[in-house]
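Have a look at the structure below before the remarks.
Here the chain labels run A, B, C and D in written order, and each chain numbers its own residues starting at 1.
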Amino acid sequence: MPGLYRVGEGKLDLAEAVRAVAGPDRGAISTFLGMARDHHAGRRVIRLEYEAYRPMAEATLRTIGAEIEQRFGTPHIAILHRLGVVGIGEASVIIAVAAAHRREAIEGCRFAIERLKAIAPIWKKEHYEHGSIWIEGASPDPTAT
Amino acid sequence: MPGLYRVGEGKLDLAEAVRAVAGPDRGAISTFLGMARDHHAGRRVIRLEYEAYRPMAEATLRTIGAEIEQRFGTPHIAILHRLGVVGIGEASVIIAVAAAHRREAIEGCRFAIERLKAIAPIWKKEHYEHGSIWIEGASPDPTAT
Amino acid sequence: MTKCTVLLFARYAELAGAPSLEVEVPEGATLGDLWDRVRKMVPALRDETRPLLACDRAYARPDTAIPVGGGEIAAFPPVSGG
Amino acid sequence: MTKCTVLLFARYAELAGAPSLEVEVPEGATLGDLWDRVRKMVPALRDETRPLLACDRAYARPDTAIPVGGGEIAAFPPVSGG
C-alpha cells in the first residue's frame, strides 16, 4: 500500500510528504499543516508539546488512510505527526493527499485532519510563561463512527 | 497588504508559498498544487503549456485574494501560476492560505482554486504524441459572481 | 472613428495568426460592435460569436461602450488555468 | 485473577505519577471494572469517571471483556492532536 504514516520526534518536512504522494497520474495535491500558534484563548503560548500512545496513533493514522482510500478513491496519502516540543511557528502535523482530480485530494485532506483530531490518541500540552496545561478535545466517543 | 501573487515562467516552489503565508499567529496552512497529469479523457498527455493575459491574470489573482480576505478573514495568501511549458509531474499552480484556525485556511484555499479556474484569464494547451489542443473551460460568464 | 487594439489569446490568437489586431470603430461603439468587426476582418474567427471580453483588464459585457481613446480591449475563449 | 498493565497518557499519566499501572482483576472482568479498580488505587484519578479506553490498540467500550492473558489496555483523556 502506498502512503506515509509517522508519529515521532523531529521536525516535519512538507517536501517529504508531497514527494510521498506525488506521481504522474495525479493532477492535484492538497496539503494541510497544523502550526504551533503563539496564542490560545487570549493567552500567550510559548511552546507546544505533544505526547502520543505511539503504536495506536500510528495504527490510527493508517486506519484514516484506509478510510480516505475507500471514500475518495486515492491511496496517495501522507500523515505525519510530530511529538515532543514543537516551537511556535513550527508544524505539529502535516498531511498530503494526491488524486487524479482536485475534489478527491481536497476533501480527502480535510477528512484526514478532522479524523486525526477526533480519534488519534495524541495530546497537546500548551506551555505559557507561567505554567502549562494539557488540552483535551471534546470527543466523547471516538468509537462512534 | 501581505500576500504573494505571481503569473510567470519558471518552476513553482511550494516552500516559497508556505513561507509567504506562515507566521506565529497562524495555526493552520492549507495548500493546493495543480500538477501536470499524464492523461486526460483517455489520451496520453506528454506536456502542458500555459498562456495568460498576464497583467489581467495577476490582477485577477489579487482580486481573488481580496475576496478570500473578505470571506474568510485572513490576508495571508499566496497564489502562483506557471506559464510556458510544464512537464508531467510538475506544478502548474500553487496556492497557500494561512489562518489562525483550520476552517478559514482550508476553505480559503479551496475557494482560491475554484475561483482561479473560473475567472483567471489563463489557458492550458495539452500536447500529445501527435498534435495538441487548447483546453477551454465551461465558464460562460466569469462576470456573473 | 476610434482606433482600437484588440488583444487575442490562446486559440483566438492562433486562429488570427497574431496576438493582437488593430480595428477602427465608430465613436460610441460597444465591445460587441468591435468584435463583430473583428469577425468580419478575420474569417477564422467568424464562428466565435460568444467570446469573453475584457476592457482595461476587467471582464466586460458586449454592450459595454469602448472607452474614449480606445482603452485596452481583449477577447478570448473560456479560460482553463489551474 | 488476571494481572493487567494499564497504560496511561497525558494528564492521566501525570496524575498517577507513572506511565502505567499493574492491576489485578478477577477473571471475566471488563475494562470498566479495571478502571474502577485503578480509581480506587490512585486517588488522583478518582474523579476520572469517563476515560477513553483502548484494548490491544483499538478503542473499546467499558463493557468490553478483558482478553485472556490481559492484552494491552490503555486509558486516557479526550485526545487533542493536530
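Rule of thumb we're sticking to: contacts are C-beta pairs under 8 Å (C-beta built on N, C-alpha and C of every residue); 3 or more make two chains touch, one makes a residue touch a chain.
Only a predicted model underlies this, so the values are computations on that prediction, with no experimental measurement involved.
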Both-way neighbours, i.e. chains that touch chain C and touch chain B: none
Of all other chains, the one whose Cα centre sits farthest from chain A: C
Gap in Å, rounded to a whole number, between the CA centres of chain B and chain A: 24
Inter-chain centre distance, chain C versus chain D - centres from mean C-alpha coordinates, in Å: 73
Rounded Å distance between chain B and chain D, as computed from the means of their C-alpha atoms: 49
Multi-partner residues of chain D (at least 2 other chains): none
Set of chain A residues in contact with two or more other chains: 34, 113
Pairs of chains found to touch, sorted by chain label: A-B, A-D, B-C
Sites on chain A touched by chain B in the complex: 14-15, 18, 22-39, 88-89, 98, 100, 102, 105-106, 109-110, 113
Chain A residues touching chain D - in the complex, by the definition given at the top: 34, 50-53, 55-57, 59, 81, 92-93, 113, 116-125, 134-140, 142-143
Residue numbers on chain D that touch chain A, as the complex places them: 7, 9-11, 14, 50, 52, 54, 57-61, 74, 76-82
